[in-house]
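After this come two complexes, each holding subunit A, first together with subunit B and then together with subunit C.
After this line comes the complex of A and B, so read on.
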């Protein structure tokens, strides 16, 4: 009796023992910090160990929402994401559809080449693009000069800095997105397309009426990834290349958060800003997931 | 024809910057500004400069240690957790699975300050161990392995149980050896992500003692930003391991990233 009981308890405990390391890590380094950020957001604290955090209620939130920089950073983030979508969604879908019949060695060569930017470290990408875009000696401006155009200060001109950052972010993702769309195109049921062709549908009609609807789950996924992660991905480029400048012109909401937290050592502000963002982007994500579920109907 | 019209420009744009990095690294001072697509007189002087003036080997060693260790630990914790989710039904199992699935929604920037404060309290600032701490478990790895284990043939597991194998033996003798492909795919993904990681080391590192190569490039860029030859040489050294893995295992690398992309 006692032995079976012991055996049973051990059996009931087993899954928890297997789960413990991963669960402990996720709780300790994701969920507990999230809770701590919630607590910090109600306090004012400069992260000095000798100084006690002071309770300030919702002041951090109200102060944040009235910040002049916030508005610019939010607008920049929206523009950045909107400009990123053609690079991470529209072009990849177009290229994948145009080239879906490509077979043989060329297919593999192109796949191999367009994927490369994704695995390059963001800092390396930043360094290389800074070299390519250098106003005096960079290759891109050398090309412009050959065409008789003046040097362009891609990263120093307030009108261009944000677009340059967007381009570098997009450069890393465009090939990857194309391959993602290609993979889901290859998985489409060919009989639907055959049937439409037999009915005399033109290539454009097949794309418009069959391929795009069937691709909608993948397209929504790419939109979701771009919106949720796009501004985060560009962080490294902003940090290394522009510092959010010139004149705040390339400051995004994520970078602003960083400046609060580690530039001004204001843990309360940074946590409040982080939570607002989490709430905002989280809502956007859930909405997009809901939308994805609704449109992915067509799948069967 | 239209295939090439669509893909050739994209391929060129994708690879040219990498090509330019490698060739700039091999150019002598005299032809650093030359628009010629390859160096007329290739030299290693930029690499010698980087090795002489920066602790680049130390940084690469740190990065290798960090990336290898975090990959191994994350594979281990994910294998154990995925086994728990697929082998048993237990209270809150769905909730806990959702806890992993939702954790990728929590942005790093929200938890970075609390994590930084915790690491500082533990006195671990500027150590390699602190880099590892938030990377002891990967939610993505757990989810991908749960999926892989769910598709594992039931009868094999049942046969092993009839033979009286304990769950520990079942996991290590039967399931893990048969999951080599997904485990390898995950290892590639985790290693490359860790190798390229930048945010977290940026917060924690103070000296070359614990710095990784990405931080080395960043400080070189800030201090000697216009020494293009050495900067590109250092960048090439930082990319070399990842590019070599890619050249050797191209199909697997692409597949594992695509799979991770669709898993979200």
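After this line comes the complex of A and C, so read on.
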């Protein structure tokens, strides 16, 4: 009797024991910091050991949500993400499909060239673009001048700064997306394409009816990544090239909340900003995942 | 008390024979000049090297956070248990550092006679800025004033007299328009805005217009009062004439030093970077900060103090020796001639072995030296949200100058929001 009981307890405990390391890690590295951030977001504290945190209720959230810069930053973020999609999704899919049929070294040379921007460190890329785009000495403007056009202040003109940042972010990501799409193209079942060709389908029909539907999980993934992470990827370029300016015209929600939350290690502001971003982008992620399941086509 | 006296005795002895064989002392020195070639990295490295050469028992590890990030870096490193032993702290942050990091005044950690004799050689109104409640928490180190640098060649090209640079904002505006019309180049650029500018130059402009950004007791913000609004409107009228582009600070230095701007109002700390760019290309000159007609000009100083942060007596001794070295006649010769900050030791200015010949050969430094007489302190903002207050104010002012909305409304709205962040 006692033995059976002990045996049963062991059996009931076993799965928990197996799970313990993973659960422990999730609690220690995800939920505990999240809980701590929640606590910090209700306090005013600069993390100094000699200073007591002061409870301020929801003040940190109200302060952030009533920033007059918030509306502009949200609008900029939406525009930035929408403009990133052609660069991180449409163009890579087109490049991958067009280079797929190339034979021999050309395919690798093309894809290698497209991939290069990805391996350049963001800060270096930002510095290079700053010089390329300089209104007076930059090569891009020298080209414009040769065509008889005036210099363009890509980073100083409030109407252009956001688009310049978007282009640099997208330029850096084209290689990554192309790589992902190429990999899944290579994994498509070739017999489907052969069968279609035997039936007399044109190259466009093969792409439209077979390749794109089979690529839809990859495409959805790229859309998801761009929307959830695109504004983070541009952070380094904004920081180095424009500081969110001129006049907030290239400020995104990430950069704005970083400016107000992290300038003086204000743990309360920063935690509140983190929770707001977590809630906002978490909701967006849930919606996108739901959408992905509905539109993606799986070749089972 | 007995222990302290004992420690002071030891300190005196160690300083008297610095080269004596003992365990090497490592000190971490946070210095923002090290972070930027345009702001004196090489000159600072040279001063540190000459110190370690003379003091083989001390090793100095220079840490280089950019000036806008010094505080965040110090704070993060202190919390992580690896803070600086000696830090260059911007005056705007000094009160915050002293209140939050348990800093002890120099009077308690260095020999009294040593401190007295060293401070006696320095400019009294400089030393005063490192004091809080009568105690010296920071040793005034690098100081600069706002200087109106100008390109004399562009002045001539626009038919202006480079011998009579503009002295008021109205004259600055007219000169900027004339230069832009004649040459197509930027008439004026200023270092008032941007993340590393804090509000030190803005405060000088507002003070010169007869206003203040916050009340003398640091409890009430006043940057939306009529005088401040008038100052912002003046700047806006220059921007609206299309002759003042809004550039980031690195682009400002590039534009001015390549001869692409007529005037540049900025800290004198950029002087050597500008001189290097101008050499053999155009004639760079300097004038005092412009005044508002009928009002006295009130230049603010930008600058920093050296603060001992370590609690370890041996490191405190080493840090104090380095501080004395960095504020010696020798150091100010380098600091003034190779970076562009003010010499805080009159003896360095007068000495033929130090700065006197250089000052004769470089009249460009005179407006900066002359402004030492009427400096107004740069007033730090109050409370733990001082950085957010600063950002709110400067964003509104920048939009008031370069944007489309009405400056009065912008500043009033920003002042309401920032006042709510002040300590109650």
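We take it that the second predicted complex is superposed on the first by the 247 of 300 C-alpha atoms of A that agree within 3 Å, B and C clash if a C-alpha of one lies under 4 Å from a C-alpha of the other, contacts with A are read in each partner's own complex, and residues count from 1 in each chain.
Everything that follows uses one rule, which is that a contact is a pair of C-beta atoms (placed from the backbone, for glycine too) under 8 Å apart; a residue touches a chain by one contact, two chains touch by 3 or more.
These numbers come from a predicted model, not from an experiment.
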item	value
Which superposed partner A:44 touches (first subunit B, second subunit C, both, neither)	second
More subunit A residues in contact - subunit B or subunit C	B
Partner chain in contact with A:248 - subunit B first, subunit C second, else both or neither	second
First, second, both or neither for A:117, with subunit B first and subunit C second	first
Partner chain in contact with A:25 - subunit B first, subunit C second, else both or neither	first
Touching both subunit B and subunit C, residues of subunit A	47, 49, 134, 137, 262
Subunit A residues touching subunit B - in the complex, by the definition given at the top	12, 14-16, 18-19, 21-26, 29-34, 36-37, 40, 47, 49, 94-95, 98-99, 101-102, 106, 109-132, 134, 137, 139, 142, 171, 174-176, 178-180, 183-184, 218, 221, 224-225, 228, 232, 235-236, 239-240, 254, 257-258, 261-262, 267, 270-271, 274-275, 277-278, 281-282, 285
Sites on subunit C touched by subunit A in the complex	71-72, 75-76, 78-79, 100-102, 194-195, 245-248, 251, 254-255, 258, 260, 384-388, 391, 395, 398-399, 402-403, 413-414, 417, 420-421
Residues of subunit A that touch subunit C when the two form their complex	44-51, 63, 66, 68-69, 134, 136-137, 153, 156, 242-243, 245-248, 259-260, 262-266, 269
Residue numbers on subunit B that touch subunit A, as the complex places them	2-4, 6-7, 10-11, 13-15, 17-18, 20-21, 24, 32-33, 35, 76-78, 80-81, 83-85, 87-88, 90, 93, 96, 99-100, 103, 105-118, 120-121, 133-134, 136-137, 139, 142, 167, 192, 195-196, 198-199, 202-203, 214, 217-218, 221, 225, 228, 231-232, 235, 238-239, 242-243, 246, 250, 253-254, 257-258, 261-262, 264
